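Sending over a structure as structure tokens; questions will come in a sec.
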């Protein structure tokens, strides 16, 4: 008896909740911003500053939710599986172009609706201050001539983005891939510490990550994997200038949503994101923390992400890292 | 319920063997001697040796004793039922949490738990309501833990 | 000097002081509730600290954990139920003292010597950490490997109960540590195609399950009515301790040093420190026959010891990023979140923060005297909340705590699985601590082993190739062989007698 009278009630409640969003203007409740990496890291910092700026733009709280683990698979999956109603967005990082090649997930960049690219950091090349190589060209020659396994590099986990950065460069210079052994580490700072202690010889992470040690005179920046030298590291020439290689890699962060968002919501979000990006607060924050600024709208972002997917996939297949 | 050294040793031994078999699918890092299989295999060998030692010790010292010592509470069916009820309750809670939302599912959970611990019925509802609301406010509102809102009957927070 | 004044300015902010006061009260409450440990007080604080400034977050954890270790003594003295495992060693003595009307002396001694121990440990932390940091800069994966192994083995050999069951617990922890793909090879293991399991088994939900949820289950099974608490007398509680200190200066010092050292040892924490110090006190005492029957000597030494261990545990945590106990295992995660990456460079790069941390430590221990005094007075009320009401409430707290770590229901599921596991383990006399250590140290062990092997091209002898590594390696092996040597020694002694 009781159940029978209860069911229509539930049905009524369900239709009510289903109808309300269409009536009110987006956003009418807090927005969740999923960050697939741990609190305290670079992606988290970008996510949090953006959440704060968007909150000002949209007038509703934007809460950062860290969903970490599995090299980003957990968080990216959470973003893609959320309802595409504009109340869940997330920071999608370059790892989305790597994880499916590794066979970790079916998820690819095609499962997302990219709203904007808000940051990109070029890869770099760093050695210890007391290392014998003064330029990237000298290091390249050593990598070619030394016996395999003599030189070691570190900066991310096995098959991580900086590992791929090094492999991509080596392929472009025709250096046999087995010549340099990769020592997996928990992030660039662990790799840099190990390099200073003498455990490894080079770290191909972004120069920003080595800023403290470069400033302290313990680490030398040899090159930047970008077209132009970076403002903060004028002594590190672009790779093309240093060795003649065409290899380039930037690690980017995008704001994305699950596929299938309504157009009006999409337009509103994109406009808010662009405004947030252009704000002085965001620009100052990024410069202070040493993050690279890079803007791309929805179409450009989607294109860059797809291009990098192909590039990284090719390297991973070549290196035997793809499944 | 307390397993003797023989029973626990046998379990450890079997677990070790299973772990070792499962670890064989992993391979070393390219160009290296060690890799993903190293830790599980070492742990598996540890478990196998440990299981054997416990088996031998048990066979030596536990002759005539039962494999499994039944403690007082384990003879009481009611206790088992309570234990099972609590476990199933939390499991169901996990399944419905995202759908039903934190507030309602927690209310039901705390109320049933209070009933299981034989709290006076008149106290159950007040305690449950106050607890859930305080937790919801402290963690959900103030500390921004994204407690699920649920798809039906969700409160305006 | 300017960094020091900056640090003072950081700490003596009304917000920070407020946080310390509140978290102190929180720690006292959690520690005083039987079954809720200091570790759990810390774990429950983690989601809260997410939203705090770095110093506030650290202040909250330091204050809460120190208070919880002390307040675990209160229900021990009043009810003969230790509030935390660290208070278990001397519970007979303190309870007997209360029974025979010497309650104020017992509680006062526990409070005062907790403070003394905590401050001693802090001073060692302040003085020794930067020195140790210098040494640690030379540490590579080879040294860390031995350090982690040392921590794992120390836990087994010192933990009470049978060695084989301790090892079973360790195996359980290590198996759990294998799950996921966040290992040096980035190859997914035992994930059964589950996306959440790719991230591995999160340690805090597992720990909440093993300790707290298992306790809820135990209550469902063994739930019994608690005897009515004894009313504590607080008159002259603190003043009378001068005489005690004068009578047992050596014991106090020994407790301080032992506690700090054991705390600093990776993997061994306040509970182990208390057991060892109590045993040591009895061994060297002139009146060992009085121990366990209401003698204050053991309280002095072990009470100082467990609180100095809380501070000592921070030494390896800060210097090496290796947890000294299960509390600092959580702390390290929080430090990373707050951008204070532990490691030898923290003393250079974050000098202001580190000094502020030291000030917080001293302040927290001093704060213990007034707060502890209030807690003892209030304890009758706290302990009067019936467990039948407390347990369901604790369950909800556990759920929220576990949820907040993964920000998904996955954390709660993990907690449930480990709660059932913890209950089964406890019923079978399998200690929990080694399992936790296996889960925490297992990934570190693997990381350092694999990277070492890549660096040395697979040559195992390299583990003895550097002087510090060789020293640590030999130490570990000696500790492994110790039980055998002791057994031989004992056998000969018996044969001679």
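Points to keep in mind about this one:
Chains here go by letter, A, B and C, matching the order in which they are written, and residues are numbered from 1 within each.
The working rule: a residue touches a chain if its C-beta (ideal position, glycine included) is under 8 Å from a C-beta of that chain, and two chains touch if they have at least 3 such contacts.
Model, not experiment: these values are computed from the prediction.
With centres taken as mean C-alpha coordinates, the chain found closest to the middle of all protein C-alpha atoms is C. Chain pair with the larger contact count among A-B and B-C is B-C, by C-beta pairs in contact. Taking each chain's centre as the mean of its C-alpha atoms, chain A lies 36 Å from chain B.
Inter-chain spacing, taken between the CA centroids of chain B and chain C, is 22 Å.
Annotation for chain A: residues 65, 149, 158, 181 touch two or more other chains.
The multi-chain contact residues of chain B, meaning those touching 2 or more other chains, are 29, 144, 146. Multi-chain contact residues, meaning those touching two or more other chains, occur in chain C at positions 50, 185, 407, 450, 454. Within the complex formed with chain C, the chain A residues making contact are 38-40, 65-71, 73-74, 77-78, 102, 104-105, 149, 152, 154, 157-160, 181-186, 189, 193-194, 197-200, 212.
Here chain C touches chain B in the complex through residues 47-48, 50-51, 164-165, 167-168, 171, 174-175, 177-178, 183, 185, 187, 189-190, 216-217, 219-223, 387-389, 391-393, 395-397, 399-400, 403-404, 407, 409, 412-413, 416, 419-420, 427-429, 442, 445-446, 449-450, 453-454, 458, going by the rule given at the top. The touching residues of chain C, counted against chain A in their complex, run 50, 137-141, 180-182, 184-186, 188, 195-196, 198-200, 202, 336-339, 341, 343, 345, 349, 406-408, 447, 450-451, 454-455, 457. Interface of chain B with chain C (complex): residues 1-3, 5, 8-9, 12, 15-16, 19, 22-23, 26-27, 29, 32-36, 38-40, 43, 46-47, 50, 53-54, 57, 71, 73, 79, 82-83, 86-87, 90-91, 93-94, 97-98, 106, 109-110, 113-114, 116-119, 123, 127-128, 131-132, 135, 139, 143-148.
For chain B in complex with chain A, the residues that touch the partner chain are 29-31, 144, 146, 151-154.
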